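Right, I'll just put the structure down here and ask away after.
So that you can tell them apart, the chains are marked A, B, C, D, E and F in the order they are listed, and the count of residues begins at 1 in each.
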Amino acid sequence: MLYPNIETFIGCESSYEEADMVLYGAPFDSTTSYRPGARFGPAAIRHESYGLETFSPYQEADLCDCRVFDSGDMELCFGSSEAALADIEARAEQILSDGKFPLLLGGEHLVTLGAVRAVLKRHPDLHIIHFDAHADLRDDYLGAGLSHACVLRRCHDLMGDGRIHQFCIRSGDRSEFEFAKQHTDMHRFDFSGLEELTKRLAKAGTPVYLTIDLDCLDPSCFPGTGTPEAGGVSFMELLNAIRTVTKANIAGADINELAPMLDASGVSTAAACKVLRELILALNIRDEGRLYR
Amino acid sequence: MLYPNIETFIGCESSYEEADMVLYGAPFDSTTSYRPGARFGPAAIRHESYGLETFSPYQEADLCDCRVFDSGDMELCFGSSEAALADIEARAEQILSDGKFPLLLGGEHLVTLGAVRAVLKRHPDLHIIHFDAHADLRDDYLGAGLSHACVLRRCHDLMGDGRIHQFCIRSGDRSEFEFAKQHTDMHRFDFSGLEELTKRLAKAGTPVYLTIDLDCLDPSCFPGTGTPEAGGVSFMELLNAIRTVTKANIAGADINELAPMLDASGVSTAAACKVLRELILALNIRDEGRLYR
Amino acid sequence: MLYPNIETFIGCESSYEEADMVLYGAPFDSTTSYRPGARFGPAAIRHESYGLETFSPYQEADLCDCRVFDSGDMELCFGSSEAALADIEARAEQILSDGKFPLLLGGEHLVTLGAVRAVLKRHPDLHIIHFDAHADLRDDYLGAGLSHACVLRRCHDLMGDGRIHQFCIRSGDRSEFEFAKQHTDMHRFDFSGLEELTKRLAKAGTPVYLTIDLDCLDPSCFPGTGTPEAGGVSFMELLNAIRTVTKANIAGADINELAPMLDASGVSTAAACKVLRELILALNIRDEGRLYR
Amino acid sequence: MLYPNIETFIGCESSYEEADMVLYGAPFDSTTSYRPGARFGPAAIRHESYGLETFSPYQEADLCDCRVFDSGDMELCFGSSEAALADIEARAEQILSDGKFPLLLGGEHLVTLGAVRAVLKRHPDLHIIHFDAHADLRDDYLGAGLSHACVLRRCHDLMGDGRIHQFCIRSGDRSEFEFAKQHTDMHRFDFSGLEELTKRLAKAGTPVYLTIDLDCLDPSCFPGTGTPEAGGVSFMELLNAIRTVTKANIAGADINELAPMLDASGVSTAAACKVLRELILALNIRDEGRLYR
Amino acid sequence: MLYPNIETFIGCESSYEEADMVLYGAPFDSTTSYRPGARFGPAAIRHESYGLETFSPYQEADLCDCRVFDSGDMELCFGSSEAALADIEARAEQILSDGKFPLLLGGEHLVTLGAVRAVLKRHPDLHIIHFDAHADLRDDYLGAGLSHACVLRRCHDLMGDGRIHQFCIRSGDRSEFEFAKQHTDMHRFDFSGLEELTKRLAKAGTPVYLTIDLDCLDPSCFPGTGTPEAGGVSFMELLNAIRTVTKANIAGADINELAPMLDASGVSTAAACKVLRELILALNIRDEGRLYR
Amino acid sequence: MLYPNIETFIGCESSYEEADMVLYGAPFDSTTSYRPGARFGPAAIRHESYGLETFSPYQEADLCDCRVFDSGDMELCFGSSEAALADIEARAEQILSDGKFPLLLGGEHLVTLGAVRAVLKRHPDLHIIHFDAHADLRDDYLGAGLSHACVLRRCHDLMGDGRIHQFCIRSGDRSEFEFAKQHTDMHRFDFSGLEELTKRLAKAGTPVYLTIDLDCLDPSCFPGTGTPEAGGVSFMELLNAIRTVTKANIAGADINELAPMLDASGVSTAAACKVLRELILALNIRDEGRLYR
């Protein structure tokens, strides 16, 4: 008897029933205005994870000890952002309603909006912690309100002031930075203030959605993305930030904006795999009593 | 006194007023379902045309003797196909209403629909001649009716049976080939029948829209496209087909689906430049009394 | 309920039990002496087949009407050719013993030896039909008898004179061509003689193993291989040869030597996918009474 | 009415008459001895600047508030360095004589010599501040005195001792480092001493030509250059150095040695665009009474 | 005892004294106006020849039976065409004066001029046979008379009318084609007329210099060159032309314009190696009484 | 008289007899389980060293003052690890027996085992200092005990506990880290402890074999390797570590795991060249009385 070819992120071989956490891929980049290809991000992460170990010497933990199910990529409509977002929201809702943690792999950053809508329904007091090079706070972009460049603005439409916390931001037009001064909690260039914020949110028991645009990383360690922005954080800084932020009550998360076609050497995909491994492990080794269990 | 940096397709330096023909670029690929990047096609054609001569030894003619204006790329909305198509249609209408020939540079193949809408309004008896590897006759694709894979089907919605003539087709699902048997004039694999068709249409004075998906070329000479299909025609076969088909009353035209990111060696962009030069020259050296003048 | 991410060659979604034909991948290239990477061939074919249609307009047939099971890639030992070959042989034997047709995806050409050993045990009167740029008839290469450059010589060790039929050969050292004159049936440069050979073998009911080294194709349409050899056959010539040769009693087959790392544009992988589709369809549309059923 | 396709660096849309600053490109790399391609640098910077914002969160300033004219690339003679340098010098002189600041985009580093000749005529007391990985102090290179490897030596011929200040230097032959000890003010490896130097020059009102070879950056953030040298400065260090040095009386400037063909991921071009934006902004936000106004 | 690392074209291991033929590389491309990199051509041919067999099944001959010496690459001055040409001429003269056949590996096409000058001195009645996509007949290019685009015009300056025979030409400006009508023997697009010409020249005992710009090949089989021109000849057509033309009294030869940086897949370099092997063999298997012995 | 084309690492032009140090290349990567290509490392280092200066401003020393012989690459058997290791061991023994220092260029990391066997025979009290991202301590990998992933484990088989000192390790499975706790001296992530260790070993006069897997470097400065691991050391940290460790009695050394096919920009090869230059210089400028002289 032979078995069909199942391809998952390395070490994520739990059944759906037993899983605590569910990976779901959103291969969508229709609104990417500059260099497209983030649609291939989740498949590349899954495929190239074969080159990664399941064990992390940073956290002394192993994916084999976690219960994670990888549901693969959704089949999304290209050319209709609203249809794609509805499908992503439905998938997140299903995972949440089955009592599991939804971990979304993008795709362009717009996909976050689908997941946030689902998590926000369950947790009306949700905050967002946002790691990114770009503010993503435009009201519209080239005529579209549903655009990667507007995704946090659309989240703000749903959540209001003071509940979006942005880190590493180093690009945007003037209006976005002005909007941020009044409506979001923006930390430019690096992770300054993240530890204090996490402590405060953790103490208050506030549910948090964590969205990681991998272009927060410096292009030197993560060149394979649509809009690389010099002056970013290092891999070790991101790893530390992940270990910090996961002390809050994370209710949902995503990583996005890997564009493998722009990653000739493969180092960006390898880095994305490692970020995902460390994120899964950090979410799993939190002490008991957490929100999503 | 210094002048700003104007970038046009080589030899297309007429003013708009004097021009007989107008190039317009549609850098759009939001519905591309497989490998994106056709958005960068028109800019690459313009930029790399510097490596091309204006003179054609095939036709013994020179772009410098033509009156062509290059209006550059439109700024189109990513994420909304309908908005993008409306802008393309408006641009084509303007060119037509000024008595000039519209030559569109895509972009993914869906952009053709905008141009066809405009030309069809002027010429209700329009036929389409379509060079492509793919039938593009699906009714919908991943839930979208406005998709590159549906563009000729959408044209058929507007025009009805027997007015779409397809050549070089070698890919599609079974339903598309069955649709073609009943509704279009499909010639598989090569240009068989083109000469007879052209004679018939020319004799009848029928206005024709010519749409060239460059992937009709074999991937050996045109690798840089989203969905390469082995078994295509050679460059010389395409050049001959262009010289044949331009004996009909061509009322509008486009070439599309160059994806420069997939063209590491640059030969696809160079070939696209040469196809464009030969198409412009072939359209210009037709004898007098043609439709669009 | 969500399902895990199964990745197969497009349209090959039969269960193992119901399948007539079984794909199995051998991601091995340890003996490749020049440019390695054929190990990634089968995964790339599977992954990129998403860009292919299941329907063939050449054969008017559809993969969805076939019963094919894709068992994915074996986990083979790098650094020990004998261990890898034993695993390949065992997999082929299992498929044969379950009454199914084994279709191997390499990997470097040496993997063929494992499959041939298994098929030869069942069919002691087996012949081999071999499409390749290279003779692969060396007795040893850099000290190794188990090498991609020796694979047909090793087959000859097992089968003796006159039972190996080689086509498209255009590279080898002088001794290989001299060996061929005495011991194999070598047709240089193209498929001359294939039709006659097939008729003769088919008439005699001789079981045939078909091995296709994709570098028989000209590098213009198949650049992505370790040792490209100018002067090869076109895609259409290979397609016709496949449709010819499958009129014989094919008892096992393989395609090999796609090296995706050397295929920057992706056209080689796309061509390999199309060759595989056409091969599966050609094997399936043969009339009844064939050997392997 | 349609307009021709003007391509400038983003936000540099002033008319020549109104402009304070003029960009001019020198697409020349004939003397590059190792990996060529810097000729394509200025066009790539212009083309890819579309992916950049005009606003800088580092300096809280916006290109839209500057008056910059982009005059595109000169058409230079390949194969004659002297002819090319004469054309560059003439262009710089024209810009200076019109009372505007000349900002040159190379090209290989030799192009600096043309600009320096022009600025030196206006400001005989000119100093040069030079950011580079390479000393560029050879007397001749492969028989040519006009070579990228000799450009600062040629400047020294014109200016004499003590007026060339070099930073980040980490490559050269022994004789270059010995020459530097006696004739230039060389600071190895980084920007140590730049702040003090700038203060001194600013206080004295000394006019300064700033030449930035982008390979002063570490290859990790700037791989796309002909001769990458490990051990360079980070993007943030360069940005700070630019903000420091522009407190001197800068009379002319250039950035050079981006080679886009060697920049598969695009991060080098993106970094060059950002360096150029920050340089323009830094030059513009200097307080009143500066030299070139 | 260990030996130093000698790198020659495969099978060219004769000593200089014993050699009949001498390879010499001219790694020069300073006047290349479009995409540079031909300077790396000869080193790539030498390095990648390891992937080639020494035996040719086309000519049933083996490089091991020839006496060829590979003298490696000259160290040429970048930035001075005249100095580089003088060095090439001197090298060719030395080889000729030692009674050996000079086979030059370019580099851009301008290098041919150096070799032609040397051969012409020995054979004042020399003719040139020129395989190329481009006419190379401009009087000057961007101000330079010594340019790749002018090389055959410079040869015409030395030799006069009717002694330059051009094949495969498919690009040039109008003036070049007009010049050719009056002054050279130009055959457009392919090798038509080559057999007749060769017979005539062979019968008359006319010495011939053969210059092969590899871009005469179609970009599908030879993408890795600065200015690819669709519509060229196939590898087999070039091979046949080589076997035809070598029946004349060839007194010197070159192959040029491989640009390995533009050859991501490596097929162009592999094709160049095979062209060189076949050229060496064809020159060696000519019957006795030939000019250069 | 012309000379054959000798290709050595820049500045390594001593004769074998006079040389103190001998470079030898092991172009082997048959056991590489993920992305192959390290076989091309030594040739690329040699070839691209032309872009490097012989002088180091870091150490104020010049390769021209050293006596180094480059013996090129061995011709190793692909497909048999034991045969390849035997050849490497024999080469190292010959160099040692001639009283010279053996400096091996890999290839995959397994090649180290051949060199260590030879050095250990001469120095039974040998220690190993190992710079690497990966622990390489598996007992077997995919069924092979002779694998790149097992190489330090095989060294431990020969040498026992406490004599292997590992630095920069940031990847491995759990069992490898557990093995290291009991049997090796592992320093995770960076070079902490190297200075103390070196002092101790130097004081005791202990002979040391130094093996540098270049993937200890962060992928940002060294992307071109089979298994890039984010979070590595910088080039300057490695350079300092080399200058530190060479104060011990180094009896043999290697650098390995450059994979040029994965190094599109060339920065990894350039970095490897610079590491090799600095390593040679550091080994040469040690004070008198060292082990290997």
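Heads up, the rule we're going with is that contacts are C-beta pairs under 8 Å (C-beta built on N, C-alpha and C of every residue); 3 or more make two chains touch, one makes a residue touch a chain.
Worth saying up front: this structure is predicted, and the values here are computed from it rather than measured.
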{"item": "Both-way neighbours, i.e. chains that touch chain F and touch chain E", "value": "C, D"}
{"item": "Distance between chain centroids, defined by C-alpha means - chain D, chain F (Å)", "value": "39"}
{"item": "Overlap residues in chain D, where contacts from two or more other chains coincide", "value": "35, 218, 220-221, 264-265"}
{"item": "Pairwise touch network: line, ring, star, complete, or other", "value": "other"}
{"item": "Touch relationships between chains, expressed as pairs", "value": "A-B, A-C, A-D, A-F, B-C, B-D, B-E, C-E, C-F, D-E, D-F, E-F"}
{"item": "Chain E partner contacts - residues on chain F that touch it in the complex", "value": "1-8, 16, 22, 24, 43, 46-47, 69-73, 94-95"}
{"item": "Sites on chain C touched by chain F in the complex", "value": "29-33, 35-37, 39, 75-81, 83, 142-144, 146-147, 261"}
{"item": "Parts of chain D lying in touch with chain A, wherever the complex brings them together", "value": "50-51, 53-55, 57-58, 62, 218, 220-221, 235-236, 239, 264-267, 270-271, 274"}
{"item": "Chain B-touching residues of chain E, taken from the complex the two chains share", "value": "34-35, 169-174, 177, 188-189, 218-221, 223-224, 227-231, 262-265"}
